[in-house]
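Below you'll find the structures, each written out as structure tokens.
In what comes next, chain A is part of two complexes: it sits with chain B in the first one and with chain C in the second one.
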Partner chain A sequence: MENQFDVKQEGTILTIVLGEELATANAPALMDELNKYRDKGVEKVVFDATKLNYIASSGIRTIIFAKQKLGSNPAIEFVNCAKSIYEVFEMTGIQDYITFVNK
Partner chain B sequence: MKLLHFQPIAGKALDILDAILHTPEVASCKKEFGALRLVCEELVVNVVDYAYPKNAEGYMDIEIEREDDLIVIRFKDGGTPFNPLKREMPDITLPLEERRIGGLGIFLTVKKMDEVSYDYVNNENVLTIKKKISNEE
Partner chain C sequence: MQRVDLFPTHEYQGLKLRSGRPYPFGATVIGNAVNFSIYSRYATDCTLVLFHNHEEEPFIEIPFFKEFKLGNVFSMMVFDLDYENIEYGFRMDGPFNPQEGHRFDKTKILMDPYAKLIVGRDVWGQQPNWDSKYQYRARVVFDDFDWENDLPLETPVNDLVIYEMHVRNFTCGAGAGVKHPGTFAGIAEKIPYLLELGVNCVELMPIHEFDEFENSRPSPVDGHMLYNLWGYSNVGFFAPKAAYASTGRFSMQVDELKNLIKQLHANGIEVILDVVFNHTAEGNENGPYISYRGIDNKTYYMLTHDGYYFNFSGCGNTLNCNNPNVRDMIVESLRYWVTDYHVDGFRFDLAAILGRDQNGYPMANPPLLESLAHDPILGKTKLIAEAWDAGGLYQVGSFPSWGRWAEWNGKFRDSIRRFIKSDEHVLADVKERIIGSPDLYASQNRGIKASVNFITAHDGFTMMDLVSYDGKHNEANGEGNRDGEDNNNSWNCGWEGECEDVGINFLRHKQIKNAISLLMVSQGIPMVLSGDEMGNTQFGNNNAYCQDNEIAWLDWNNLEKNADLFNYFKKIIRFRRQHKVLRYEYHLGHNDYRNLGYPDFSWHGVKAWQPWSGYNDLTLAFMLNGQYADTDGVPDDFIYVAMNMHWDMHGFELPQLPEGMAWHVFANTEMAAPDDICEPGEEPVVENQGEVLVGGRSIMILVGKKAVK
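And then the complex of A and B:
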């Protein structure tokens, strides 16, 4: 499905490949999925946002959750973040705590 | 003016959102559609999830007024009186690891709209948003 996500851990890196949206329809499911990786030694969380074009506050909460609950203060990385998504991060002041990578 | 009425609303946030976004009044806002979608989602979810006590059959009325260069949307519910604009806004200067997760939706609403106001009239919460429309693609 277009709006789903795929979560995979390799070593200490947890990669989340996002669909087109991260909002009310799927953010709670992602939160549940991430909850399974609480004590798995995650040091870096990579969100692949190549397809992402819409995020709501419920989506931002999953990023905050990843930062606060997975491992001990993991680094957060966003791959191929669209401008419209970056603007929402900027609005909420979280862009300084995310590393943005284009691939 | 377009009037939309929903009852019951429990578990229906996405259906309500869909109905709002498909009205010609909202769908015709091209450049601002993304902002309106975000804000409508935040406000509808807030009402559906929190306005009424659990198991209560709540309702939600939505009024949409579209002028050439302005859209006004009113969200009305008969739930517990609550002014979301009075709740403490999230501290966006805190680092991510110290952030609290509440209040982001109403914060984004205020940021994205030109005007947001709250009133309690006839036993209803009335949240009104206004957004200037540029008519650009």
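And then the complex of A and C:
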């Protein structure tokens, strides 16, 4: 399904494979899912954004949630972020705590 | 723990409901419900209308049940809404009796006065569906934001250097070089520029949601479209203009503006908003139903005894600011911008209106202004009044202030403009302005910090045009050049408009440097008009409210063309910020009240200690004693400013400094760049410590400090 996400922890890295959209339809569910990984020793969160082409305000909040709530200040990485999504991050100010990687 | 009062009790067409919380007004997310609350004194019934995003027809209209009303407030909670994807409005039923002040019309869908996010004008200039029955739509907003450690900066008001700017004009023009022109994000891209210029406060012209298509028409001169560019016409007091955000098309303008403010704060720059509480975009009885007219006309507007709209704003209607409920709305709006957007201050457009009662009469102790002056949340917020209105109430120097309000000092503007163009009989007034206008502000002990000094602002000529045009040229506005101020106190330096003459252009640049020098060395809070530092021109248009084009947009190519001006501006701004003696909070004593050997301030003329001016009353000097302005026990320097607005060169005898000190020259507007000004702190020593020669129409600024070998 286009909005399904997939969350997996391997060691200290939590990987989230995102679908095409991250918005109110699925962002709250993702936040609930991420909540389960609190205090599980996560030091880095990797969002695989290869399929992502739309992010809403609720989606942005999910990323901030991951930074604030999982472990002590984990590193946030975005893989294969589309240019349009990157620009939204830039304009709303959260690009500063994300590392962008292309694979 | 779960709350025991967050479950539905009613159902309507498949949606679960509950009686809502009357407070706060507007739409608020509580748990898995949205609380909708709206006040109307005279409405008999109310219906909540919900749309899916962008759809023309609502998907449901929910009447407020009898038990959903408390006092004059309708409130309900609606459960399990996909609130990021709905738009909401209200239908209000009540009497239609204009003579009594009521204009209820339940066929209209009305926008929530407390809407925190408004859609409908999401991309600047994009034609809306004019047939839509609900043009400006309220949405529910995520009001959380990761501010990290940000708070309003609380920079002392007397330390501010304010930069008045317009969101579109600042970055839409040629050479701006930003990825997101005309937006909040575009301003953020220019923060390094603002830091280089040295300003520490930006004053944004109206950023509340407004309609750029208001009075939009093709120019009769050449057909290009004229828009409501400046935005002095409110649609909503709680929402930022969507089209000012590059993410406005995704409805993320709230986050984008908050991010801009966070970044400005991180760089030490405060944010003041220009707010327009004197009227709304609904116009008079012929205007559209957007919100207030249909929700509670008699509450929101100042009406004549037979139900017409008072027009003290010149824009069709006047907001009924001293009605207690409207007053509450204004206070809550301002509090909201401070708590949720961390705004540092407000400049109130046509603020004299805020002191009129519900029948339009000026009050001695206007409750609204008193509320604002004493409000706990606004306790450290800057409050600046444009202390006049379009109905003839001029209150510069007499604005009811409770020691908290500052004013745009229009008298400073007029005196200084006349002085630099060598008018006679203006010297006495100029002296008052330079020392912070005690004639206006000392009596109530409001202090120098009550005076916002400016020479140019959005109303009127730019600085370059002030020295390039004798008269206004507003033909492009399509009103036969009748609009805009006639009395500009400008002088074209010998030719009307742009010209190639080297001498005239040199004089124009010198006059601009004279103006900015006077602004920066005067006591009071200086305000600079965006673009003046690069010699921006509006081609003689002194009322470019509708020119969304190269007339009003800053041309960044001027930075190179007028590099000497930018260099002068940034250095004199830095000079002001480094010298505390230029930034007193309270008025000067004009005597040596601490027995330090020199008075805190003294006037001089071409002869030291003799302030009378010959030469048509156009020569004057003053000295500030830096020992009166120390920082942690370290005194500031002496500063001496010689102003020769006469057309001939004159020698100015220099006052003698204490032993071991010497005069150094910081700026001399007679000289061509780069000798016109130097880096603050690196001033070379003056050769002749007894006298300086000041060229015709020039200003010299000297610094008295330990002699540099």
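Everything that follows uses one rule, which is that the second predicted complex is superposed on the first by the 103 of 103 C-alpha atoms of A that agree within 3 Å, B and C clash if a C-alpha of one lies under 4 Å from a C-alpha of the other, contacts with A are read in each partner's own complex, and residues count from 1 in each chain.
By our rule, a contact is a pair of C-beta atoms (placed from the backbone, for glycine too) under 8 Å apart; a residue touches a chain by one contact, two chains touch by 3 or more.
These numbers were taken from a predicted model, which means no experiment stands behind them.
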{"item": "Superposed partners chain B and chain C on chain A - clash or fit", "value": "clash"}
{"item": "Touched partner set for A:V17, first chain B, second chain C, both or neither", "value": "neither"}
{"item": "Chain B versus chain C as contact partner of A:I60, first or second or both or neither", "value": "both"}
{"item": "Contact breadth on chain A, by residue count: chain C or chain B", "value": "B"}
{"item": "Touching partner for A:A82 - first (chain B), second (chain C), both, neither", "value": "neither"}
{"item": "First (chain B), second (chain C), both or neither touched by A:N73", "value": "first"}
{"item": "Which of chain B and chain C A:M31 touches, first, second, both or neither", "value": "neither"}
{"item": "Colliding region between chain B and chain C, picked from 55-63, 307-315 or 451-459 after the shared-chain fit", "value": "55-63"}
{"item": "Intersection of chain A interface sets (partners chain B, chain C)", "value": "23-25, 56-58, 60-61, 64, 68, 88, 91-94"}
{"item": "For the chain A and chain C complex, residues of the former touching the latter", "value": "23-25, 56-58, 60-61, 64, 68, 87-88, 90-94"}
{"item": "Contacting residues of chain B [partner chain A, same complex]", "value": "13-14, 17, 34, 37-38, 41-42, 45, 90, 92-93, 95-97, 99, 101, 104-105, 107-108, 111-112"}
{"item": "Interfacial residue positions of chain A with respect to chain B in the complex", "value": "23-25, 54, 56-58, 60-61, 63-65, 67-68, 73, 76, 84, 88, 91-94, 97-98"}
{"item": "Residues of chain C touching chain A in the complex", "value": "82-85, 142, 144, 146, 179-180, 183-185, 188, 245-247, 250-252, 255-256, 258-259, 262-263"}
